[in-house]
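Each of the two complexes below includes chain A, the first together with chain B, the second together with chain C.
Take a look at the complex of A and B:
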């Protein structure tokens, strides 16, 4: 019991990072139906942008903004320049998966070629630690949780109460019908990539804020838990992803404490495989529509 | 030819043979049957570990000077470890495919395979007792080495001959499979699953069989490789390696056995070997990184310009059946 409560604390921090990344992933997949396996590598690229900002001596807050902005711009460009042209040319699901893996490999190894294959860490003051109900957090971890909660609230308000959110949900459900009803789906898709990219970039920076050191593969290693979160919540369902993040974040940290740290990721894998076999539509979703890629 | 060159060329030829066998296996799954197996490298690894363990003999406990631990272990004579590797590759494919191929739609299948690949690496690395963990197996005795008594260079060429012989057998197998009615049914399932099912084809059974056959070939390719290089560790089969084989199949011509052979020659061999001759520059790891960038770019370029590969799959045409006499042909309307 003594080790379990702090483990839940770590789990909440991991869940916060997973929630930001997972909601971004699921939003983009839901709206565009492109399984973007380069997502983890874009996270790493954004983390490196954050690294450049902090090593220039600017505050960590600006690094977060810069990472999010980079993620958004990079994702929109990636979709405009690579993914959409491939889809328009007739590349279907299999082909698109290979295209996204190729892009991921290029980004990841491009980062390695530019920065070198060593360890990096963000420059910042040593955080103080705070005790809350038997759990120990650093101030940075508390900030991460705060950022995640704020981001989730914003996403909730955006999807529920704005016209854009409605258009996004409409496009995710049926792009053709949405287009026929006067939704400018092209613009909605661009905005979905921007929003998902911003969350991706934000997640990349808070991911490396929470670890002592990162490399060019840090984001790619985080991709499977992200996919697990998205699938557990039902792909395309942001609220499901939030719930999935909480489950997987806490379960993997508790497993790391109870069994062995090397099995931390295996928990996410096992949950993912079980969900895919037992309930491929996810825990919250009612339907699993077989859609084509939306261009 | 100097000895060094002979060593180099014979080594590259063995690698080529291994890659060709693996690409034929992946082509059966991906090119012919349309299965996206992102865990392909796991089946190669399973074959390699099997062959290594069955050649090494029983594990020596650390107390008596043994430096690697693994389960099983036997001294089987030469062709048996390779055949056993094929068997294990096939059984593993039946197990994984029995769960994933039967139940899942294609994009989820791709995801599960990626995850299977990562889980397998994690288990092989962390369960040290299974196949010696992160250090892997090494000092696997070379097949026939004690019997034939050749000079090192002669042995190299003998191994090239063995690999070529296995390649010929495998080619015969994949050729028979792809040109048989079974191969035709697989292509039908790939191109239009509903139509094939409507014609009474057992879609799941056909796919599963293609998956298992691909697993057998993957296992054999891993076995040939490990018997040659005498060592195998988790670092040899990380999941991006699967992507190299996918690129080879796409570049060569997915669905075409000869095309895939050319792909294996171009991508894993020519592209990854050619960099040996570039003088080292930049910090360590730079050339590796550039290599991966080039492989990724190659996949993108081919998917864009030549999605059907260097030697495309032959389009199969069948004569239109003669129209029935009694029924008048439907009127042909001009397109508006």
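Take a look at the complex of A and C:
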């Protein structure tokens, strides 16, 4: 019991990273229906941007901004230059999955060619420890929680209260109808890729802030939990991804206490399977299941 | 004319095939020459194993032959390419046993082909100095199987002994949930317990997670004095940096993985060079490039450039040293048994290596031969250190503890082969 409470607290840190990554992943899928399996590798590429920034002696906060900016620009260009031409030639959902896997491998091998197959750490001062309600966090971990909360609030405000948010929701629901109603869906799709990419880049940098040492495969290793978070919440639904992140983050840490650390992933996926048995629409939400890829 | 050309081509092809599967190296290919088979991959994914073996066999044979040979015979090393695949290794073993009438033993097999070929070699009464680390051979009853390289799971004994030597009695086991890391754990737990210690935390770790905070809380709640570990670099970096940030570092004793370059880079980047030097130590097979036996090996190796390409590359290679020792042990066992028949001298392998009262300790073949001729019993101590075979013909070798200081691996102590052998009984 005395280790269960800290486990829940630590689960919130894990959930924070998963939430930023998962919301970015699911937001882009909801609008475009492209299951972008290069997402983890773009996270890694953004982490390397953060590494270059901190290696130049610049603050880690700027590294976060640089990672997010890189993720946004890279994702928009990736969609424009690679994915859109395939979609316009009639490549369907599963064909696009293969294309995204290929892109992920290219990015990963490109990073290895540039930086080498070794480990890197962001250059920053060692964080202080903070005691809260019987738990010990580092200032970095508290910052990660804060960044995640701020990002989720901004996404909520954007989707709920801005014209862009409404246009995104309309495009996600029915892109043809949205286009006929005067929504500039091309622009909305670009912005969805940019927003998703920014969250992806941000997630890449906070992930490596947390794990402290990373290599060219670090983001790809994190892709499965990200997809699990998105699927658990109902893929395409940002709010679902937030909830999914919380469930998987806390469940995996509690499993490490109650059962064994080696069951962390297992427990998360058992929950996922149970949810999918009860609510199959969780795999592809009702909206997404009816759609084809949009560009 | 066409038929003649075809026949000639066929003969050439057959000769080429024969040349591919086995080839002699080292001095002494005259009639009556005894053959040591280098039974390892020379092609395929593990083709690097073979040349390492040549780097041990050739210097040994060179010294034996220059010292008058064995019972009037010269020795020769013959490459037997297993290609690292049991499908190729089994016919290679059968062919070797069928065609090499003067085969006295082999170096190898490696882990690639040992499970498939060791029983065949044993049935064929071929002494083998295996370089496989598989735990399946820890308790083998194959009479002709000998292993002087550490088995994979022997690391557990070395870790336990080193922690015991440092006075630790409560330890946590932090090992990845992969088969390689988990193979160390049973021997670690049994050995540390046998030495009076308690493993207070022992749960396999899922690798490459974004955090290990919960595991750290659970470990600290068990109050260990030291952490034993074998995890991959990223897991090690995350785990130790969180341990350092959230509480304080604990002494850590890792396997040889903790002394490999990727691990050192990842973890020292995460916890800092100072903490790395203060708290982290790793255990690896001990093969110091010094002493009489090593000097003899190295001199002969460097003089073998005509048969060993770039011989200097094997000077500090612990495997090349143990191959060298394997040939010397067989040669001395033949002299002790006064027979070149493997069925006869195999039993003397133990006699020329085990310590005992009144025995003459020898570090070279020449010294061993002279002592045996003088009627004395000997204990051969090789380039790779003392050899202490247990009941199952496994000699673990010694292990050294090392730490990482200012970018260099620094030796801090060792545990002997005899200590490990005693603990593993």
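Annotations
To be clear about the criterion, the second predicted complex is superposed on the first by the 281 of 295 C-alpha atoms of A that agree within 3 Å, B and C clash if a C-alpha of one lies under 4 Å from a C-alpha of the other, contacts with A are read in each partner's own complex, and residues count from 1 in each chain.
Note that contacts are C-beta pairs under 8 Å (C-beta built on N, C-alpha and C of every residue); 3 or more make two chains touch, one makes a residue touch a chain.
Remember, predicted model here, so these are calculated numbers, not experimental data.
For the composite obtained by overlaying on chain A, chain B and chain C cannot both be accommodated without a clash. Contacts of A:136 after superposition on the shared chain: chain C is touched, whereas chain B is not. Residue contacts after overlaying the shared chain place A:262 against chain B and chain C alike. Once chain A of one complex is fitted onto chain A of the other, the partner contacts of A:14 are limited to chain C, with no touch recorded for chain B.
By the document's definition of touching, of the two partners only chain B reaches A:277; chain C does not.
Once chain A of one complex is fitted onto chain A of the other, the partner contacts of A:215 are limited to chain C, with no touch recorded for chain B. Of the two partner chains placed by the overlay, only chain C lies in contact with A:207; chain B stays clear of it. Shared-chain residue A:163: touches no atom of chain B or chain C.
In the superposition on chain A, contact of A:106 is made with chain B only, not with chain C. Only one of the stretches 26-34, 98-106, 116-124 or 134-142 belonging to chain B has C-alpha atoms clashing with chain C in the superposition, and it is 134-142. On chain A, the patch touched by chain B and the patch touched by chain C overlap at residues 260, 262-263, 265. Against chain C, in their complex, chain A makes its touches with residues 2-3, 6-7, 10-11, 13-14, 17, 118-121, 126-127, 129, 136-138, 140, 207, 210-215, 218, 221-222, 252-254, 256-257, 260-265. By the touch criterion stated above, chain C contacts chain A in their complex at residues 177, 203-206, 208-215, 217-218, 221, 233-234, 237-238, 241, 244-247, 262, 265-267, 269-270, 272.
Considering their complex, residues 35, 37, 82, 85-86, 89, 91, 93-95, 97-99, 101-106, 108-110, 112-113, 116-117, 224, 227, 231, 260, 262-263, 265-266, 269-270, 272-273, 276-277, 280, 288, 290 of chain A touch chain B. Of all residues in chain B, those touching chain A in their complex are 30, 34, 36, 99, 103-108, 110-112, 114-116, 118-119, 122, 125-126, 240, 243, 246-247, 250, 282-286, 288-290, 292-293, 295-297, 299-300, 303-304, 307.
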